[in-house]
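We call the chains A, B, C, D and E, going by the order they appear; numbering starts again at 1 in every chain.
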Amino acid sequence: MLVNCVAYEAGRKLADIPVEAISEHVRRPERLVWVALKDPTPEELAAMQAEFGLHELAVEDARHGHQRPKIEEYGDSLFVVLHTVEQRGEGLQVGEVAVFVGRNYVLSVRIRSERGFAGVRARCEREPELLRQGAGFVLYALMDAVVDRYFPIIEALEERLEATEEKIFAGAPARGIVEALYGLKRELTTLQHAVRPLLEASSKLYGGRVPGVCAGLPDYFRDVYDHLSRINQSIESLRDMLTTAINVNLSLISLQENETTKRLASYGALVAVPTLIAGLYGMNFEGMPELKWSYGYPFALGIMAAIDLWLWSRFKKAGWV
Amino acid sequence: MLVNCVAYEAGRKLADIPVEAISEHVRRPERLVWVALKDPTPEELAAMQAEFGLHELAVEDARHGHQRPKIEEYGDSLFVVLHTVEQRGEGLQVGEVAVFVGRNYVLSVRIRSERGFAGVRARCEREPELLRQGAGFVLYALMDAVVDRYFPIIEALEERLEATEEKIFAGAPARGIVEALYGLKRELTTLQHAVRPLLEASSKLYGGRVPGVCAGLPDYFRDVYDHLSRINQSIESLRDMLTTAINVNLSLISLQENETTKRLASYGALVAVPTLIAGLYGMNFEGMPELKWSYGYPFALGIMAAIDLWLWSRFKKAGWV
Amino acid sequence: MLVNCVAYEAGRKLADIPVEAISEHVRRPERLVWVALKDPTPEELAAMQAEFGLHELAVEDARHGHQRPKIEEYGDSLFVVLHTVEQRGEGLQVGEVAVFVGRNYVLSVRIRSERGFAGVRARCEREPELLRQGAGFVLYALMDAVVDRYFPIIEALEERLEATEEKIFAGAPARGIVEALYGLKRELTTLQHAVRPLLEASSKLYGGRVPGVCAGLPDYFRDVYDHLSRINQSIESLRDMLTTAINVNLSLISLQENETTKRLASYGALVAVPTLIAGLYGMNFEGMPELKWSYGYPFALGIMAAIDLWLWSRFKKAGWV
Amino acid sequence: MLVNCVAYEAGRKLADIPVEAISEHVRRPERLVWVALKDPTPEELAAMQAEFGLHELAVEDARHGHQRPKIEEYGDSLFVVLHTVEQRGEGLQVGEVAVFVGRNYVLSVRIRSERGFAGVRARCEREPELLRQGAGFVLYALMDAVVDRYFPIIEALEERLEATEEKIFAGAPARGIVEALYGLKRELTTLQHAVRPLLEASSKLYGGRVPGVCAGLPDYFRDVYDHLSRINQSIESLRDMLTTAINVNLSLISLQENETTKRLASYGALVAVPTLIAGLYGMNFEGMPELKWSYGYPFALGIMAAIDLWLWSRFKKAGWV
Amino acid sequence: MLVNCVAYEAGRKLADIPVEAISEHVRRPERLVWVALKDPTPEELAAMQAEFGLHELAVEDARHGHQRPKIEEYGDSLFVVLHTVEQRGEGLQVGEVAVFVGRNYVLSVRIRSERGFAGVRARCEREPELLRQGAGFVLYALMDAVVDRYFPIIEALEERLEATEEKIFAGAPARGIVEALYGLKRELTTLQHAVRPLLEASSKLYGGRVPGVCAGLPDYFRDVYDHLSRINQSIESLRDMLTTAINVNLSLISLQENETTKRLASYGALVAVPTLIAGLYGMNFEGMPELKWSYGYPFALGIMAAIDLWLWSRFKKAGWV
């Protein structure tokens, strides 16, 4: 689906142009053509390939989807794959944004991703002095937008870990905690798949030999890299804390087993000892004087109660019950 | 076994040629000779060595098999070892493809591998403009085919992990889960042996100093590398999730032990308390008024039932039974 | 909030100057302007940006806060972000110090950090020969101060680990130990977030291509790097020991479970065996000679006591009670 | 002990020479002197040092033994230390081979190693065209022989792991399994000590700046490196699988504990319930009609049997017995 | 405390000289001044700083102590910090040796370290041809001495691990084993702090750009590096085996718990079954023929004994008792 197809000059919007006119505009170096597609059909992609003269392998990647995040040079142009990560119901939904960047054009292809980049275009159109910097700046703005959307995701994961930690030490049912920790791990892995390859790739956009379309913007791309580093560091810490939390939770489960055993044994003792005494007075010896006492029966019951009271206080003191 | 032995010129098939004619064709630089062997005898390999002038050490590697995946330069020619991984019954079957690539020849030797590369040859013959790019392109096509066959394997492993995860949290018998997780780990290790060395080696085919036969095709070999990276990342994540799953499963086993202990103790209490009461009324004291009551016996049974009901409701509330 | 705004010349304080005069002083290369802000308003930052001519992206970072530690070059000037870590009540409070360093100015912006750098300024003013070395030396002095404040934090963590270790082996309640170890891990992660990125970044201030404002001071910045290395090594060891302590604690919990089981079973046996004997003499057989003995009852009690004594000594010897 | 001391020329054996004649032969560049020692006395080593002009530090290393595998250059000559690993009884025996390689001599010193290198010399003498390549080729042949002997060791370890895995899932006694896994880990560590440093060192013999005596043989030394890589990869996988196996075994032990608990509790219930019923009919109430029934006693026994049968079937169904 | 202060020329001792004469001797390039201090006062260090012209930051490091091992260049001179590790009572005592090395002087400062370096000096004075190589050789000799003293420490740790392993499998009390393993881990960490930073730093003394005072001695410093590598490898293996041992020990503890449970349950059964039978014959049914048998009582006892014998043999066979 074609979302937008606009030609700019000197940072200002000229007009929405039809797809067939793209190649004509791209031929004029003072123009900037910025096209946005969403879940395109193979035909739409083929049309774009023809108009922009895109490389076969890159178009194939955009068509198939399920690429890992990457930044590849094809001659003068760049092919960038970003992962979008969106909270959808209980889980994380991974989408892709494939961006083709040439000297004076940008084609962004959004796949399986709900939230668009209208805001990015609006900001660029509001500030012509930024858009004037050309296709590289548009790439920066798109990457910046995608990366900024990782922050609420990682913060949500951090909050969920903290909530789970509290449950761990508050003694909440362990089965739910284990499931929660495992779920966190899964989603963290998803986020990591989006961030880590991009971190590596984006470091090549601002230091050393930089692709032509990104030259002149090192501070901006370093900023993107820096944000990715921060997210990556948070992911690493979360992974580490998750592993620790799983181990700690196992310790607490073992501990609870131990406490359960003690408590049960205490109650068991409170029953077993009177049972023994009852057994004693159930013996059939002829010469058992207590059996003849007027208060023999209450006496026996009293002894049972007394011993249980004493045991109870002992167990209480030892923290077993 | 000789599978194919064909001479090409300008991307088009000339003819099937006999083995003895190979050296003659190879001498003519405009020709391309593409030979495929399957589980060859030492004699067949020796004949090939003579015709193509292959290096002794490379031929020895192909003869012995059990090499790790690698890409080695011998002067102008390349010796490439790939692992094929095929689902066979319950397990994974690892085969090898050794490829000798010279300026204008390709010799592929398939060992312990069921599925051939007829499709690769068919595609190349259908598209002469591709085959015209020479021996390097044939190498790319073979590597691409081998690597693409890893995807269904890794996807099958991912699905099996997901199925096992569901079983873990659904409380399926833990012994089967442990065996399943261990089996997954084994197969993952097998796949990793195929992928990781190749990932490392293939990075040298498109950046920096590139072997002569691969020059001019950097976009293609980067594509292979990129697919391998993706598989490798999936393997890493699977390994990580497997480790977590094993730990989580251990937590759940400990937890179940705890729950079993509680449940058993609850049932034990339901038996022990009436036993105590029965013991009390089995005592032989003379002055036990209850023994003489007309309804003494039902009264005792009633007390037992009442206490058990109360205990049961307590245990139920505490989630022990 | 403006804390200080001072102009220096040849290492000596000239005067406190108003914010509006900054740009005028900075224009004179023999001057050094050193400004300190604390939790500034956006307006204060904007004024500074205008006076010093700071880069938009760097100012934005200082405004938003929550950056990771880093050292970035913007043309001739440096933008440095440091984390301050302060013990506050039970936990660690992380603050930030953003430092803008130009050829002849230093602007430090302290955020969410209680303790200031008055001591650093006082030391610099006391020793003009140091301050004369210019803005680079002020940066060194600030970094040195921030890094030196990490040492008591890491030492406090080490002491807490040692105290917890003692508790582990002294058999203190395991739940508290688990919580303590987990808390240590959290705080260590916090400290690590402050130290590790800075370690990496600071290595670029003394070897190879060094930013202009730091040139001529390699020994000083290597000293900072060295202190960071030491802290980082301590963090690594603490992490490692913490993981080991968590595992060891789990072993001890399992062990205690085992000991509890043994002790309980021992006491159980001391009750069960007399119960059996009482049961025997509660049988209603006609021909049970003991029942008729004059001392049958004391005899039975004696046997019970004797067996229990013997069992007790056995359990004692086996270390079960 | 002197094993061999032979002079060669143009790849052919000239004669066995006495130790005193070595220096004379070494002076003639067209000669190749190849000496083999086994567990030499300090005096023998001193004689060799004098004849060959070996470096003091290298000779000291050979004298002391217990070096890690390494390849060191001393001017024009190489000093190589290899570990031999031999199966001896139940464990692995580590020996050392120190090789001094000069422009036209090779001195190999075998320490604590049973199996010699007579085969290597025989092969070299059979194929003069190989031996003609000089001292570097002899070094290759020795390294190749040592490395090839690692393969059966690692295969034996792999087989033992597989056997242990089968035992794990077949439910063999866990204590023996734990010991077996630990023993495997120990031996793997031993093998790793032999392989890993050599892997690293041998990579310097075929790429980049290569020591003079190895120049001209890059394909051969790459072959050695490749074999070492393969062994190293197998070691890594074994380590990984061992760790997993230890964890998995722990899970199964916990699981078995759980199953034992369930089974025992089941048998306990089969005894406790009839005990309760017997207790009921041991009560001394006057109005217990069942006591007077003619078939009261068999009726009670029947109830006990019926309940136990019912319980048994329930436990059977639940998989507890 | 001043230990030694000696001037040498051409490798031979000239005389013990007073501290005040140091600067005069150092001015003469053919002299070598070698001073040794032990736990010096700040005043002694200040005197040395003045005489040798040492860098402020290096002297500050030596004064404060608690540095990590490092090798730093200050212009032409080197500042080296080594850790000494000495067995003291039950634990390891870490000391420091700070060495200042200039073109023709060596100042070694020993802190919290019992054992001195008199042997090093004696050896150097015995062999003038070595000492003649200048300050770099003295540095080598000191480093060599410090590093050689690590070997007995690591060997002691290895022996303790082996002893602990034997205890693990011999079934010694698990609590002591856990403490021993944890203690080993602590001491290993201490040793690692001494070795690892030095390993890294010392690699810069023999390859690539080497500090001036060490030039000409690459074989010697490579030897030091090699020894450190060997120790480092042993540390790595020990760490790895320790982690495995802790896990294995946990498995054995769980296993023992399982065995304890089985044994206790067996004994429990031996008591519970006769209790049931006694309960049966304690029932008050009128029609219980056995009660009237002459040998009813011995018959009942016999049944109990028979069942217990049968149970015992079953438990014995199953390995439960």
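The working rule: a residue touches a chain if its C-beta (ideal position, glycine included) is under 8 Å from a C-beta of that chain, and two chains touch if they have at least 3 such contacts.
The structure presented is a predicted model; accordingly, all values stated were derived computationally and were not measured.
Where touching is counted per the definition, chain A and chain C have no chain in common. The rotation that brings the Cα trace of chain A onto that of chain E spans 145°, given to the nearest 5. With centres taken as mean Cα positions, chain D sits 25 Å from chain B.
Note: centroid distance chain A to chain D, computed from Cα atoms, is 41 Å. Looking at chain C, one finds that residues 247, 250, 254, 257, 261, 268, 272, 275, 279, 282-284, 288 touch two or more other chains.
Chain-to-chain contact here is organised cyclically: the chains close a single ring, every chain touching exactly two others. Each chain touches the next in a closed loop, which from chain B via chain D reads B, D, E, C, A.
Chain A meets chain B in the complex at residues 55, 57, 67-68, 70, 72, 74, 174-175, 178-179, 181-182, 185-186, 189, 192-193, 197, 243, 246-247, 249-250, 253-254, 256-257, 260-261, 264, 267-268, 271-272, 274-275, 278-279, 281-284, 288, 290-297, 300-301. Residue ranges on chain A touching chain C, taken from their complex, read 165, 169, 219-220, 222-223, 226, 229-230, 233, 237, 240-241, 244-245, 247-248, 250-252, 254-255, 257-258, 261-262, 265, 268-269, 272-273, 275-276, 279-280, 282-288.
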